[in-house]
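Presented below are the structures under discussion, each in the form of structure tokens.
Each of the next two complexes has chain A plus one other chain: chain B in the first, chain C in the second.
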Partner chain A sequence: MLPSMPPRDGPILALNDLRKSFGDTKAVAGVTASFGRGEYVCVLGPSGCGKTTLLRLIAGFEQPTSGDIELDGRSLVGVPPERRDVNVVFQSYALFPHLSVRENVAFGPRMKGVPASEIDQRVTTTLQMVRVLELADRRPGQLSGGQQQRVALARALVNRPKVLVLDEPLSALDRSLRLAMQDELRAVQRRTGVTFIHITHDQSEALTLADQLVVMRAGRFEQVGSPAEVYEHPRNRFVADFLGSSNVLEATADADGTVRLAGGVRLRAAGPAAAPGAVLVSLRPECVRVEREGEASSSRENQMAGQVIRVSNTGPLTECRVDVGGATLVAHLPQRANIAEGERVVVSVPAEDVVLLPADATDAQ
Partner chain B sequence: MKAGWSARATLLAVLAFLYAPVLVLVLYSFNDARFSATWQGFTFGWYQRLLESPETAAALRSTLVVSLSATALATVLGTLLALGLHLRRFRGRATIELLLYLPVVAPDIVMGVALLAFYVAVHLPLGRLSIILAHVSFQIPFVALIVKARLQDFPAEVIEAARDLGADEGAMIRHVLLPIIRPGILAGALIALALSVDDFLITYFTAGAGASTLPIRIYSMVKRGVTPDINALSTLLLAATLILIVAALKLQKRPNPESM
Partner chain C sequence: MRRGRDWLLAWTAAPGLTYLGIFFLVPMLLVVVFSVLEGTPDGGVRPSLTLDNYRRALDPLYLRILARSAWLALLTTGVSLALAYPTAWAIRTGSPRRRGLLLALVVIPSWMNLLIKNYAWIVILRREGVLNTALGSLGLIDEPLSLLFAPSAVLIGLVHTYLPFMVLPLYVALDRMDWSLVEAARDLGAGRAAVFMRVVVPQTLAGVAVGCTLVFIPTLGAFVTPDMLGGPDSLMVGTLIENQLLQVRNWPFASALAVLLMAVAAAALAAVRRLQGAAGPGALA
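After this line comes the complex of A and B, so read on.
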């Protein structure tokens, strides 16, 4: 274990052109980023994007092919997992089946030679924090999934790591429990001040929890930023698509700062003008307004005439598909919207919600 | 679905074919008659006679010494072998794994002859030591294969969790791996013990003049005719083997330590 050091100002975790290949497969293909103390970081990406390999590199189960990982200013390259101030909450929880909950949580401090009296007190405090103290004498096999999850969290946090890595921690839980655990993870992270690196493929989970969101694809970081930043200003089509459904349309940017959709509709975007040429336009479904012809105020920006193709009710909102001549737009309307299929409508989008993306240079799909 | 009468008849015939000889042997060991094949009444006499025979007592002692020490040695070595094969990636690992099956499938007579030739070549005198080493050599693969099967059921993440929590490899094996695979090791040891207790061929080739285990003793008694005390001795051997195998199977079926 590293000796305790005075707090520093630098990032707690820095990745520097980190790469990991397995044969010809580049699982992590050169990522650079740094994360601050006490941040809740979510790494979001589809399966096979390299996020699990990234986790294993940080935890020490894999050694990088090249590049560096720095924990609190010290390189972790060549340091075995047992000597890193990093702990992992495994997707399968990986609790020790032959030990009681208390013994599971005490395992880390015991291995590190913490005096017995202190272990006892630390274990009790940590079990209390994740609210499973009353289960201390049970075996993992006697616990529910949610309880095992809490024990796994306690077993990692009791070591007071500098960074806690969580591998799809909520994926095995059912929906209501998952939402409750999200709040709890967030609360525990705030209380302990430990930097969490939470790996997930669930975009709503990532948007809910993260201070810092990393979108990963094919071994690279596509975008790093706050959830609001990444959601509102996706850097490319992949990010826009992956963070909730989006209308991504091909268009041409003109010299006057407007863009022209394939069907000829002209839109004005509030952001900086794109260089003339091919671009993509991203319109969030919740930003698309749909009104009956004749009822729409003429002051709306970016109006397009269209016809409703389909209206489907998906619980809290109504999803409406509108043909605007050459393109189909998806709009999310509030529940009470009463618009019928086949109706002529006027679609409008505020200029600040028209997001321009580079044309598909980086888009492989 | 209910089995038809033909299926049931076949089952009975197969069972009779398998167990009738053994049943007859067990019955006759309690038959109060020296030569008669007819039932003359129940007796423990033949078992008593066994206890009184100094040669049988010596053979029993010999069997216990040989089987217990060979099993202890083979269990340690077989477990280490399985751990090494499971935890390490090295050149020739696949070959070693394949070679493990060789003693399992090789005919006993070949093993016996080979061991005898080897002992002669290295000038190892035949006796208890040579029998023990011979037994260890055929027991190791069984222990290793059973322990390895247990290890393969073991989630890799649990090993990684132990390392992540500060255990080096040795501590991980001591505190996590061994306690969890203990039933597998025990099952391997019991199978190895059963194989050792009733081995005849390999022991016969490697025993030399003085040392004699129970199967060898039975063989030498049979040469003077099948007597009821042989039935009794065989029944005892059968019972011992059966108990060991059943215990081993029970241990192997046990899924995880949390059910203990």
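After this line comes the complex of A and C, so read on.
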């Protein structure tokens, strides 16, 4: 199942100022990015952010209003979906109900004129890889959601596409199955070496799977980077918020490199100093340390005195809201944290976990 | 609870079933009974059982008429299907606003009286009619086409009458179809023809079956259109039955022909059923 062509240099997929409008609506409003061979790319964004239109542009179901898509160095503009080395795993799976699993998977190679003996062997290998070979003679209507998902994956992969696009592939599955399928998708992607473009609105799914994470909003790419990069250094409030319940606070940067929160608390950030003026400070809940007054070590950085407003147990960790005077901070504490509502506490955040964001006017929503 | 629902079900079904019992089942039985009775020269029947009516109906002369009717019904169904599929496709894939208008345009002609429709065709198709005049003045033909009072006129008339019954089930089938399957097929490398043959047609087979049934069965027994637009060489079984019933007043023979006609229709229905069965569990009843 390895790509038959020798690897070439350059990105497998490049988007160049790609735009798509429907009437006055700019679904994709100028995106530029390139993705490498064998990368697992997750495009993350809320519904209506244009990620489905982006998928349809890559698959060929829509033609761009302007800009270019290059697949392995060749422009896809004007190329119909049936002549692109791109395959799609549809959100609804879109398996042909009148064909058996085997016939569904054989559909693509048959359309491409692959010899019958080779089709047979390829279909069997692919069904084996996604572990549904024993279901080969069933019809899609006789399969569970998870099984249909695997067949849809096999039907796309059997064509050995250069890029595989997955549209919210796990959204129809229940939680435990979703987690298992995440691992499987990742394993199949590694084994085949095909570049996956996985569209999702689920941030934990995106963070788990991606080599390259794209955060999308209102038709634009807000940030592109590795999950760690995007998570630890979000470029703006939207990215910080969307990648997990972050504490984003308004503050003022001072000339000495520190920032002052609205309530007067002063924090030191480890990164490059911001230009003096209004900024936003992002503090990850898991980076916020909460200790009882008197138990806290005075050596901790960025200390703030506060009072616990609420403690809620959410399974693996305890979520604790602390009023630090003018702002409420959310902290995620380990399960054994022994803190009660109403207690006076000391909150601290290491300087390297204080992330400064531009106070972009468009972010004030 | 369960018993109460059965009781309610029985009562809701009762009026319709009673109606069908009195006005459908009883006349059908009468036809079957008449078909095995002996006729009298004055148009009555004698209460003695005989198979002579059937023996006569199976004479090659009448079998040929029956075969001609079946062939014409088949042709009407085929032409209607060929015309209706693109129409239904255009309606379904057009803008939703235009959809209602186009559907109305398909349905409205069927509100027109059948006689008026056929007279209109006579005006259009006769030697000095609209069609011949138009074609002649365009220089496309040297002498008028004799379309009227021939099987071609009957075919045209029947297709005109029954086309809506083909378009509507096809439209419904296309509307219910999962259109993401079309995109999936194209994504997998299928061109337009392959998408149509391998995905759209199998998905709409149920609609095709319904449409063909709705066109084939009534055209098989049609008598008004063949009578008005057909010539002496296009005598259909429907017209023959009408003649035997009203002019010759040989009710037993007319009944035997009617039973034979029903047998052909039932055979056609059974064939469609089998076809639908072959389409698999995806097909609708």
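Everything below uses one rule, namely that the second predicted complex is superposed on the first by the 357 of 365 C-alpha atoms of A that agree within 3 Å, B and C clash if a C-alpha of one lies under 4 Å from a C-alpha of the other, contacts with A are read in each partner's own complex, and residues count from 1 in each chain.
Convention: a contact is a pair of C-beta atoms (placed from the backbone, for glycine too) under 8 Å apart; a residue touches a chain by one contact, two chains touch by 3 or more.
Note that the coordinates shown come from a computational prediction; the quantities given were computed from them, not determined experimentally.
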With both structures lined up on chain A, is it a clash or a fit for chain B and chain C?
clash
Quick check for you: in the superposed arrangement, does A:F90 touch first (chain B), second (chain C), both or neither?
both
Using the superposition on chain A described above, determine whether A:V311 touches chain B (first), chain C (second), both, or neither.
neither
Between chain B (first) and chain C (second), which, if any, makes contact with A:V41: first, second, both or neither?
neither
Touching partner for A:A331 - first (chain B), second (chain C), both, neither
neither
Which chain A residues are contacted by chain C in one complex and by chain B in the other?
59-61, 80-83, 86-88, 90, 92, 94-98, 107-108, 111-112, 139, 141, 155-156, 159
How about chain B: which of its residues touch chain A in the complex?
155, 157-158, 160-168, 171, 175-176, 179-180, 256-259
Would you tell me which residues of chain C are touching chain A in their complex?
178, 180-181, 183-191, 194, 198-199, 202-203, 279-282
Sort out for me which residues of chain A touch chain C in the complex.
59-61, 80-83, 86-88, 90, 92, 94-98, 107-108, 111-112, 139, 141, 155-156, 159
Of chain A, residues touching chain B in the complex:
1, 59-61, 80-83, 86-88, 90-92, 94-98, 107-108, 111-112, 139-142, 155-156, 159
